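Look at the two complexes coming up: chain A is in both, with chain B in one and chain C in the other.
Coming up: the complex of A and B.
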């Protein structure tokens, strides 16, 4: 474990970089930076279940989509204040995660993964087919947004602030006693129950929490381009966030953020040359599984540790 | 009043009666053992009492309360601790973390979302590690501990929930006789100091007869005999079914 003082300096450095970034980036790259931040929040919160608790979900895009659509639908169908619409999205994200989790949480491994996948595809189908309510495959476009957030730098700072707050909350969470129960469940759920942890209840709670974060990431993503589309719910986004976490290192706190950055950058660059971005995503997955099982950050931190503490 | 009372406990796996109508009472403060040939139902009995397996029938009372339908975490909070035959640890965490987290759960902090866990209960954790003689290895990953030390850590984790009844499933499995005696003396010492009741499953007869105040013999799922060591030693049937086989 890294000393707390160096944690502070890392955090401070990170915030400073985020603060000055808009002065160096073009409009296009600032947009990209906002996207990376949103995906970083999504991937880091997703890692709460994947890396910390040891639950593999193939359906996490569902809650991202629920957040985005909650915000989008409220924005066009009501006159409610923007702040309320934003705040309700993580609530519905959590609610959706709680309901899905309630039915899945007793299952383990591949069964759990498949059931979350099935649920997320139900959400996807609803968004895709229900033209009367969701606009179907036309999505919901032209979401209103106040001038300050329509301005690219304004939105970037807004995103950076929310993502930073989210990261602080995640940090506190995983270093709390609740966070400790998560790794006991991952390491040895049998023993965990014998030291007094209600394992399934804790799994459901953490699944719900990640639903809230996914919902928040979804809102930001909808606000970024003032639109929401059914593919926000799609399983391909679920696997993408999984790959981000794996690539950066699912047993590290910051790894998934780095994974989000690498995947998002590659996607933008590769997409400008070819339509077959998915091939490269698959290649990344291959490289992780074959050569980088601990992910980028995981491999580096492992090298820095004294041998007796290597896992 | 007895600390643990078991009435008509039954469990079958398919057609095999693993635990067949077991009745017993364990008195508070007692140091007792359960012996019996492999497959006698000893571990299954532990699994039934601690709530890991569901009972086909029968009831379990702890301090007079019916705990038959409680889950393992609930039974842990009632005051029954358990250590395992094969060390059952959190492998990629230090010995210190292993005990500290168990203490947190015992203090019902599981739903504390914002305290800094690292700083919690440090002296208490160290005290338990000292009790089992692992203080100087607190910083090591539990999976890199020597076999005997892993068994000690397993016991330390159970101790963290301040059990009134500690159930040890073969605490000396895989140890040489010298280590075995050391660990059992340690357990006996801790039990005396804490006023804790201990029941352990053991195959080594030297240990069983030198440490237990009371011995229960299981055979084919049934509680076959129970008594003081000298009574069990003199019991002809026990010799036949059990001691005869191993001597």
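Coming up: the complex of A and C.
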């Protein structure tokens, strides 16, 4: 199933499109494409807990911000090598996720979601107010990106390579015994515990893994824009990731990537007309909840099934 | 400072300040209790976690502001607003329940959560759109403008008013739920919805009414909070996070838990401000973390879940 020809051909097609894209796009749209790729990685890893394990987290931007700020602070305040700073971002993201997850994992459902939101608010407040440590609401500017990528298309390829690697890791994770256990937990956590699955341990591990991915997305974004701001921790970013995963389809693998593309493009388009982007985001969410509960790709896949196989 | 100086507690602020801070904390708790009890009411009877409760609170505060400005903030404007704002928010709640919430009762649990979350996003920007991003203020009503003196303790009369109103509303709620037929039917629905419906109870009507009551409570909280501090577009997130901390500490689905949790959070916040102002919020999270580790279902909660007896 995993090695089936159709999966390989989709993957190959995707890689070809990604490789060729820079030659058709101007610098602005290439920047946008890089943003979409980073958000796609973030959303697909977020779907690991949302769709595949059934955990709703409202505070994932915290780990994105942790990754970005780790890189930013280490780059500005120390002389450590660039590569080390980049590699440390997912590590700190995972660490932060582990700490937050450790407290929250006993709760389920809405309480878990609320607590993640509360913790992300703490991170946001620290970034926003602690001038001495994080630069406060001035943010951190002037961040370097890898020197060999001075070529303007270089950063896009760098991002595409890392995102592709991340997607492969996610795919292997999902189609491993660990991944199947997560799916079991999602379907019926009580029953899984009866057959001997350590539910909370699995949930904590997968939460930590998504923290690492979020941190990676954060550092990529910080390098893309050469800056890091407190609003990388803000709950509005957590919401956007959630909606990206939902819009594409939380029960599909590639859905969140599509959702990331749609949401990012919509945001750029609508923001050029109005400040009140949140209202549109809320309308999108309302439409998903009322009409498109399986997301775009989910609904399409559902329609393609013969009638007797539909739920 | 050496050990004996620490032990003698001479570093503590004077007693009058401690008492004042305690009373302020309890006044704030009453406000939190109003919000949390509305949340608990909706959760207990409808089984819906209303994330948008904080947004309704915020709307209540802004509505109070608009009414008072419209009446040019004269002597009676606050009392008029105190009555009209909750009613307006209850009507908004009715619209939400009738047209939006009804469609997701039968769907997966996460969809209800996301629906109310969508409302949070909507109201957050809506408030900015209509009233602008700047902070707003209303004056306290003249009759409550002063302060009460008791020895060296100075306590604002308005806070005393909130302090008294809180338990009164709690009593009123209790009377409705446990001493009226309406309350009895509502509790029956919480216990076993299908059976109640089979026995002839008009469940949809009751759902809407209870939701309206919960939203009215949120609006009342907002209207009461309006003269106490600034009215800001970020009120929704801060209050909903605090209300959920209250519910985590007290236990989901329990009114007594909401009261206890609100008292703990309010007092912890008040003393947190005395000790370390900038991270007063963290003191609440510390309490919550302790409760989570020792008793995850809340101090007065039910280990098996909110809707089981």
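Convention: the second predicted complex is superposed on the first by the 296 of 311 C-alpha atoms of A that agree within 3 Å, B and C clash if a C-alpha of one lies under 4 Å from a C-alpha of the other, contacts with A are read in each partner's own complex, and residues count from 1 in each chain.
Here, a contact is a pair of C-beta atoms (placed from the backbone, for glycine too) under 8 Å apart; a residue touches a chain by one contact, two chains touch by 3 or more.
Model, not experiment: these values are computed from the prediction.
Trainee: Classify the contacts of A:178 with the two partner chains as first (chain B alone), second (chain C alone), both, or neither.
Mentor: In the superposed model, A:178 contacts chain B only, not chain C.
Trainee: For A:187, is the partner it touches chain B (first), chain C (second), both, or none of the two (neither)?
Mentor: first
Trainee: On the A-aligned overlay, A:76 touches which partner chain: chain B = first, chain C = second, or both, or neither?
Mentor: Neither partner.
Trainee: Based on the superposed arrangement, let me know which partner A:113 touches: chain B (first), chain C (second), both, or neither?
Mentor: second
Trainee: Is A:202 touching anything from chain B or chain C once the two structures are fitted on A? First, second, both or neither.
Mentor: Once the two structures are laid over each other on A, A:202 reaches chain B alone.
Trainee: For A:270, is the partner it touches chain B (first), chain C (second), both, or none of the two (neither)?
Mentor: Once the two structures are laid over each other on A, A:270 reaches no partner at all.
Trainee: Is A:25 contacted by the first partner chain B, the second partner chain C, both or neither?
Mentor: After superposing on A, A:25 lies clear of both chain B and chain C.
Trainee: Using the superposition described at the top, determine whether chain B or chain C touches more residues of chain A.
Mentor: Higher number of touched chain A residues: C.
Trainee: After the superposition on A, what does A:285 contact: first (chain B), second (chain C), both or neither?
Mentor: The second partner, chain C, only.
Trainee: Which chain A residues come up in both lists, the one for chain B and the one for chain C?
Mentor: The overlap between the chain B and chain C interfaces on chain A is empty, containing no residue.
Trainee: Using the touch definition from the top, list the residues of chain B that touch chain A in their complex.
Mentor: Residues of chain B touching chain A: 50, 52, 71-73, 76-77, 82, 84, 88-94, 97, 100-102, 104-106, 108-118, 120, 140-141, 144, 157-158, 160-161.
Trainee: Under the definition above, what is the set of chain C residues touching chain A in their complex?
Mentor: Per the stated touch rule, the residues are 49, 51, 100, 103-104, 107-111, 113-115, 117-122, 124-126, 128-129, 237, 240-241, 244-245, 247-248, 252, 278, 281-282, 285, 289, 292-293, 296.
Trainee: What part of chain A is in contact with chain C in the complex they form?
Mentor: Chain A residues touching chain C: 56, 58, 103-104, 106-107, 109-111, 113-115, 117-119, 121-122, 125, 129, 235, 239, 242, 246, 276-279, 281-283, 285-286, 288-290, 293.
Trainee: Contact residues on chain A for chain B in the complex?
Mentor: Its residues touching chain B are 1, 172-173, 175-181, 183-184, 187-188, 190-191, 193-199, 202, 205, 308-309, 311.
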